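When the chains are written out, they are named A, B, C, D, E, F, G and H in that same order, and each has its own residue count from 1.
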């Protein structure tokens, strides 16, 4: 157990608690962390938990988890539903991006935020995107996930006033294998004010949305 | 003049008007664009305008510009001062990052936003940062510029609840020449919810802050 | 003169004669090649000829050249105007791409082809592109030059039935410096059937259009 | 089913319908898409469908598919045979390139085009290529697939007047593992007017040929 | 057996004997080397010995080994405990770094050195590190292992006078997959005098500590 | 002056004071920093100060500096000579590495340490190195600078018991241009316990030697 | 069978017949090629034939092959023993390089050449190499295989007059994973006149030795 | 003068004396080395000596040098003409490769070898190469320099029995800028037994030819 030292004050410092990145951890280490949460009665989110590793957990542990294999996320409990104020959209270029989309959706859900998911609006079929334009323009935060050439965040960024967070995905082959092209497209975007996170980092994009929600909530509170 | 087609509706679409990226443009093309602004009586921001190129402009054009050589920015007029609501900090790791810092500051100024600049708080001297922690924790948006190993955004991201936008800078040599290490550090950050823009892209980070300010303003307006 | 061995049968093999890539050649070598053309009375195209190198040519040589410094191209004579049949558009994302655009335009001109140039239709201002859509859809070949994130060829490729040839340009900074991002975006495009050439290779894109024109001409000839 | 939104108007926009890139999709998603095609009675092409994934489809779905494991392609129906006019060759450097060759051949077949396949004509045995030269020179489009050092497209491009589309393949090891060397060779080719697509992108090369065929057909129609 | 030629004088040349890098070796080759050690009655350390390869060893060989699967290390005997003088800390950013931490710890143990291991003090939760600061400042050598953005060695390097050896780990995904970002962060560190070893090279960092211990021991001996 | 915030407690934290990395700083910023040192009467080291920038300083400032153009270092005063205890060698592969060698030598000199410099012992002429072997084996710290293929640190590391710090240099062309090959050679070394710093980072290597000297001094002090 | 077109005149063109690179070929394709050799009664070498693929061959085919799984080579017959004249050494840095060493040895054996193999003489234990120096200096061709930092070819190249052909191997991890560091070390070598082949390309190095042997034989013949 | 330690026994070790790589050396260092040669009356070759640096030498030094600015080589004397036996060709893809070609030619000349230079035989005009085939097939060593896609060494390697040494050149732009594509093409060549040296390393290729000549001479001598 000396391997694990949770960051228990993270929530008071930055506004939301620590999620557990499961990729490099053994099942035993995950059980230890989950056990601490169960004991303390506090919720806990696990990301990048593969089906194989989930299956390797002892059943008396895994039974406590709400697990979704497509997104690789598991929740032990969740936080209370936030009272807005911001509207968040998850915009996906293609069907292949839905696992990353799931990580975004479930992370937001864990921290008490609803979101709208729009799929298959990649730039090869531009009208599918333009058909949703009115809706997109009303959003406060648009988390836009795309792989391959990653043009979607740039196109969206030129059309809406909301905050656009690109999530490059590792969908692709040849030069785009691994997601570097999509990442660099987001960084080099000719549309101003687009920000990005690491490849496939749906969790990070959701956390950025949480920070923005916190800012909006703070100013609403001040004013009311 | 057929080379230039300004995006005149950008402001209505995304909330702020088009700035002119001067790096690949000839002095004649810049004069054309500036001439259109003067004629229309609308403000215009120019970025990445080197001292050499500025000096190559005809004096009857350059006389209209508020030019700052350190940041490479020039303004023809500027937008009215925004009535808040968010507080924006520009946090710089070192003295060498001040030219990027200037691009951020001047872009925000052009669009009517004040900002607080904090310099020389790189992680090699951690106490310089911790001494300013209370101040930083009150900020809504923290634009954090760092070159070399780019650790500063990660450290800040673990300490404050505001939105942290990393601006990797090209300050460095050897492996860090050009800013890739600082960029990748921001992307790979273990602090959750940090977002990033392209290397040296102070303008883009400022625009992201504008988008966040717009969201905060919208919700304040709704509530009042 | 032993350094130079022109490929005099290229035209009979592939349909158009050899252009001279001037970048790695000395002024003396260029004079030798131009002298051969003058002597033989055959036209010759020079690409990547900088203003400095042009100025270093002896006046009795340079006087024979139609030189354009912006595109770095020089012609000694040109080929007769082709009788169609295809329509070629040069589509540029931004003003900074006009030097590459010039190389495309002048190469086509040298070989007897007209072309239509459309500038400043990058995806950050999507409506500027959509306003020209009817026109673009009538084109047989669309040579689309873009730097930065290079999203334009993908967007065009999803909207038109013509052949789309991407020319990534070296316009950009940070991750997009040198044009690799724009190149990879074209290669990884989610729009089907887009082809690409090397970064800034306007000459090559024009030559590909020549090959397509040759095919169209051949089949027209057969049918008539 | 909300994960899937087909681009039903693609054919009217660009001249051929959408193929389904199966690499990032679950068997369930593929079944959904196939089900829509069966229901509508319209043909559909699937690419990058591995034998494992094909075997994971429910038999009442997979029974409808004409599947070729070597190229990873599956067809539900196909389009009517096109009445020319262009002649297309598929030129392969080695036996190891035949899976990519199969994707090209089958894509063309699905869209109603015949093609001629020539194998094992890599530059290490140049005479094998030169023996076929007369035949190659009659072709309108030559799709040339090569891995390793990828010299074949350059050599072909210097010998024929047709349109040369390079398909770099991931055949190789050491520096050529993954196909980057073959890709860069095509891009940097000293033979003028060669165009390229992404590594192993046989589908894209075939689609480019479709676009060229459309142009040739249009001009033939105009003339007759 | 002609495949193996041990470096038997290494200890007299550099102060410690040769460890066996097992990654590229067959079980038979490992048995040969272990057999030589058993025969000679000298200890031997094996690194990067996977559980699969360990299981493939003949039981009469593997029975002689003290094997730890988490760190992939096996010892046949070990060297006598060194009488100081230096104090060595192993500082790990996260739980995922414990396998590399184990290689460091076990290598030091094999060569007779104790060490203190501190886990989960990554910069996202800076106070966990600052809480241990007094302890860290007393250490002579701090081997600091971190993956992802690898900021921890830089932060530690600015806080302590001891020798800081960074061990970048391959923990991460997207841009940080494989450990290059953590490596480059250590190299580009703004904290002066940090040194680094290869990614995941816990063994090498421990050996560097051995060299430093040797230097300290030499000067102590001279003085007494 | 708000651009500059020196780290005045660095010496008490890590044992030596802050040097000024001059590469990204303006002459005015350097004058400010030098002015503070003059005022306080404390020494200060400047690195990466080019001859051009030195010449741009106001004479009443530059007159205070001991400047060496070959290594790009300037000292305002220096620290008292340390009473040992360790012996430090600077080992250079070739004559082209002497500017980096100068930065190492002068940094050590500034902080009060002597060092022995050995030049032109690259592995192409192995006997030049072996001729000095007895001397090298007596050294406590060997800072080994090499460019091109960077084999020297590996060879030295297999021959001596001291601490070997590699300084890859940017000497080279083609694949070795910029120093990456030499850097990677040091990291991948088959000789155990070699550590490395960034390319051309002579300053950092010297600081690592200072940390080792501090450790040796501490233990000597304890014992006496 | 239309997939296979052997290069039957290669031997008359370049002096040795075509070997079959088995990596990208199906068992059926290998059986076809082997069948042609059996039918014609001519020998044939197969490289990169994994144990899995060998096992997948039909027994009536595989029975004809002399197969070595460690080097992945199979021979159907072999060429007559060459009457010298040159002496070839295979010099391996470590035990992990023996699979590449086997490919070199077996290729030379197939073409009728003997060779001397020397193992475990990597630069970390330099004396193991120097002990063999007299022997090495008598060799005409030295094929030197090394992974990791790949210093061995440079050291050998500075000690012997023979032709030194480096074979970088993919032995290593972290920065040296895949063999790029060893490759670049060979290319950037400070020892003059070293040549290199692709990573793990033992076959290619052996073929280069064949070409050199041919040259030596030719001149011997002329003189006698 | 302590900066310079020549390798005076190199000739006895490897068969030819040390050349001076001038790129990283100061004029003063070059004068020192030249002075030693003049004093000793031994010849000396200098490579990569730019016109600027040559002009910076004191006239009483430079007057002793046979300098060629196009290839950047200077000779103080030269070695006696070798009595064969091998024939060496320098084969250049284009006119832009002549500076590298000059370095090869002049290095061979310095060491007493004649060579045949063939220019402008790049693969875009294959017949220019095939026209010289009989001549090329008689050569013992073919040093083939090519930039851009670097296909020439592969094509030559499939046509001749001699030793083919590729010299990738830095001629090119976009992806081929710097010569990496040409280098990788040579390494990945499908023609067996091609070897390569670093980009633009004409000197190294010439030295490899010297080693081969030495081998051929040795065996001739033995036989006679």
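Convention: a contact is a pair of C-beta atoms (placed from the backbone, for glycine too) under 8 Å apart; a residue touches a chain by one contact, two chains touch by 3 or more.
Bear in mind that the values here come from a model prediction, so they are computed numbers and not experimental data.
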Given chain E and chain G, the chains that contact each of them: F
Centre-of-Cα separation between chain E and chain A, whole angstrom: 36
Euclidean distance of C-alpha centroids - chain C vs chain F, Å: 50
Distance between the centres, which are taken as Cα means, of chain C and chain A, whole angstrom: 43
Residues of chain G engaged with two or more neighbouring chains: 10, 94, 124-125, 157-159, 174-176, 180, 183, 187-188, 191-192, 198-199, 201
Chains touching one another, given as label pairs in label order: A-B, A-C, A-D, A-E, B-C, B-E, B-F, C-D, C-H, D-G, D-H, E-F, E-G, F-G, F-H, G-H
Chain D-facing residues of chain C, complex: 10, 13-16, 19, 84-86, 140-141, 157-165, 183, 187-188, 191-199, 201, 203-208, 210-212, 214-216, 218-220, 222-224
Sites on chain F touched by chain G in the complex: 93-94, 122-126, 148-151, 154-155, 157-159, 172, 174-176, 180-182, 184-192
Chain B - residues contacting chain F, complex: 70, 94-98, 117, 119-121, 124-125, 127-128, 147, 171, 173-177
Touching residues on chain B, where the partner in the complex is chain C: 2-7, 9-10, 18, 21, 23-26, 29, 48, 168, 170, 178-180, 183, 198-201
